[in-house]
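Going in written order, the chains are labelled A, B, C and D, and every chain counts its residues from 1.
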Amino acid sequence: MTETADYPDEPTPDAWLSEAELAVARARVPMLYVDAVPVRVDDSGDVVAVGLLLRVSHDGTMTRALVSGRVLHHERVRDALLRHLEKDLGPMALPLIPASPQPFTVAEYFPTPGVTPYHDPRQHAVSLAYVVPVTGDCEPQQHALDLAWMTPEEACSEQVQVEMIGGHGYLLRQAMAHVGRLG
Amino acid sequence: MTETADYPDEPTPDAWLSEAELAVARARVPMLYVDAVPVRVDDSGDVVAVGLLLRVSHDGTMTRALVSGRVLHHERVRDALLRHLEKDLGPMALPLIPASPQPFTVAEYFPTPGVTPYHDPRQHAVSLAYVVPVTGDCEPQQHALDLAWMTPEEACSEQVQVEMIGGHGYLLRQAMAHVGRLG
Amino acid sequence: MTETADYPDEPTPDAWLSEAELAVARARVPMLYVDAVPVRVDDSGDVVAVGLLLRVSHDGTMTRALVSGRVLHHERVRDALLRHLEKDLGPMALPLIPASPQPFTVAEYFPTPGVTPYHDPRQHAVSLAYVVPVTGDCEPQQHALDLAWMTPEEACSEQVQVEMIGGHGYLLRQAMAHVGRLG
Amino acid sequence: MTETADYPDEPTPDAWLSEAELAVARARVPMLYVDAVPVRVDDSGDVVAVGLLLRVSHDGTMTRALVSGRVLHHERVRDALLRHLEKDLGPMALPLIPASPQPFTVAEYFPTPGVTPYHDPRQHAVSLAYVVPVTGDCEPQQHALDLAWMTPEEACSEQVQVEMIGGHGYLLRQAMAHVGRLG
C-alpha cells in the first residue's frame, strides 16, 4: 500500500495535517483508504485488461500496485476514489466511479502480518475496494514508472503476483473473482 | 414488466421460438429476465438523473417503466442487458454495462400478486437488476413514447411511483437505496 | 450515531486512547464505524422483524437507533461488529456475523449536514453497514432503555422514521431495500 | 451441475413437469438455478470450513460438488435454496438462508464449453450463487456418498479443484474470494 499523498514533497488538500499529527492518528485509529482496480472493459462490460502501476519500493525492488490512497477528513469516498485515480493515472484517464458505494470487498491492512491477507507495516488501514473502468488515456504520474495493461489471466499469474506486495495481489484476484475473470 | 421482444411483429434473435413454445415454457419454468435502471452520473459517479420510459399499457393508461427483457437461450446476461438497453434507448445511448455480474437485487415477478412486491400476470419471471449509467444520446424506441430524465427524488415521489406498475416503482426505489439516493 | 464506547465511565479495549487524543484524531481523519441492523429471519431467511434501540438523547427526547460503533485500532471489522452487537443487545443475542466483509452500503456521516443523508455533529465517520440476523435473547444494555422488535413495514413508517436521527432512519430503509422488505 | 431433482425415480414438487416437457423448455430458454456453498463459520462470521459433496459421476469417476439445483415454477429463490440444501445435506443441517437476495455472483452454465468458466452439457443454466452457513448436523442424502468439510485453503487447492467439474471449482474459489478466504 503505497500512497503518494504521504510524500512530504507534495502539497495536498490535507497539507495542513502535519506528518506528526498523522503519525499520532495512525497509532490510535484505523485509517480509512480506498483501493481501485483500474480495468478496460468491452461493450458488454466484460473486463479485457487490468492496469497495474510499476513502482520502485524503498529497498529498490520493482513492485506492481493497484491505485490506493487515504480518504481525507470531510472528503466523500467517491471523491477520494476520483482524486487518487486522477493522481496516479493522469488527468485524462476518465475513470468511471461506481454509482453505488457498495465495495466488492473491504481490505483490512494490519501492521502485524498474518492477521488478514493484507499488510501495511506503517499502520492499520481499512480500505474500500472497487473495480473502476477507465476509458481515457492513462499516463503514470508521480512515483510510478509505468502503467502496464495486461489480461486478467496475466495479472493473476504467479509471475505478476510475486511482484505485488502488502496483499495487493490477493486483492486483485478477489477483484477478478468478482467480475468473473479469476485466472 | 413489458417486453417488446414478445411482440409478434418484430423479428428477434429468438424468432424461431414460436409464441406457442414460449407459452409452454412460461407455464413450466421461471423465465430469466434482466432489469436495468438507466442513470446519468456526474464525474464522481453520483447519480444525478434516472431515465424512465413512458408507455401506453394495454388498457390505454400511461405508465412509466424501467428497461426490462428476457435473457435468451445461449445468451450471456451482460449481452442481454446491452441488447435490451439498445433496443429501448436507441443505438446511441452508450450504456456502461457493469463489469461484475452481481446484481443489486433479484426481482421475483410472480403471476400471483402479493407473493413478492413484483407482479407479472403473464408469467413467473426472475430478474437480475442492475443500475446502468448511460453516457450517450437516448431516444425511445419501439413501444415507448418518451424517455424522461428526472432526479432520483422525483422518480421516488408518490406521483411517479403510481405510474409504475408490476413493482417497477418498488425496484426503482431499491436501486436508489443502493446508490445512496433514495428519495 | 450514539456510541457507548465513547462514554468516559466505561473501560473499553481502547481505554488507553484518551478523550483528548480521540478528539485530535476526530478532527483530522475520518473515523471508521460499523452499523448493524439487527433482524429476525424465518427459515427461508426472510426478514420478519427489525430490532431498534430506544434511547434518550442528550436533550431528553426519545430516539430509536441502530447498533453502531467505532472500529478500534488493530481490531477486525467482524470483531467490531460482534463487540458492538453484544454490547448493545446483551451477551445472549447470538448475532450471526456475515461471512463476507462486503457491506450492503457505506454510510458517510458528515459533521456538516446535507453533504450526505447521514449526519454526526461530532465527527466525520464512515460506517460499513450490515444486516445481522440475531437468534438469541436480546436485552438492551447500557444506555438503551429498550429494544423493540417491529415489522419492516412499521420500521419504515413515518412514525418510526421521525424518531431516528443522524440518518439512521434512512440507513434502515436502505437495509430493508437490500433484503427486499422496503416499506 | 448435478441435480437430484432431475432423477426420474424421485417424486418432487414439479413431478407434474414431465421429462419431455422439461427437455423442451431446456432447449428453448435458460434454466434458473441456485448454487450454495455450505460453510461453517466461527463467532465472528469467519469461514472455517467448506462442505463439499462427494459424488460418483455417470462415467464412474469421483467428483466433488456444491449444492445446486433448479428453481421451480412459482417457487421463491430463497425457498429453492432451502429445499436443495435440505435435500442434499439432510433435514438437520439448519442452513442460514441469506436475508438478501443479492447473490455474490451469477454463474452462467453454457452447453458450449468455453463461453464462460461454467459448463453444463445438458442445458443453458443461469445460477444465483450464495454462501450459506450451516449450523446443524449434515448427512449426505440421495446421490451423494459423503459430505467432506475442509478448510478454505484445502478446498481451493489444486488437488480438490481437479475433482470438481462444470466450473464448481471456479465458483468455489469465487465464493472464497468473496468471504476473504481465497486460498
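Throughout what follows, contacts are C-beta pairs under 8 Å (C-beta built on N, C-alpha and C of every residue); 3 or more make two chains touch, one makes a residue touch a chain.
This is a predicted model, so every value here is computed, not measured.
> Count the C-beta pairs in contact for A-C and for C-D, then report the pair with the higher count.
A-C
> Quick one: chain A and chain C, Cα centre-to-centre, how many Å?
29
> In whole angstrom, how far does the Cα centroid of chain C sit from the Cα centroid of chain D?
One centre to the other, that is 34 Å.
> At least two other chains touched by the same residue of chain A: list those residues.
Touching at least two other chains: 76, 100-102, 104-105, 116, 178, 180.
> Treating touching as the only link between chains, describe the layout with one word: line, ring, star, complete or other.
complete
> In their shared complex, at which residues does chain C touch chain B?
These residues of chain C touch chain B: 105, 116-117, 170, 173-174, 177-178, 180, 182.
> Spell out the part of chain D that touches chain C in their complex, as residue ranges.
Residues in contact with chain C: 39, 41, 43-47, 76, 78-79, 81-82, 96-102, 104, 131, 133, 178-180.
> Could you list, by residue number, the parts of chain A that touch chain C in their complex?
17, 21-22, 24-25, 27-32, 70-77, 100-106, 108, 110-112, 115-116, 124, 126, 128
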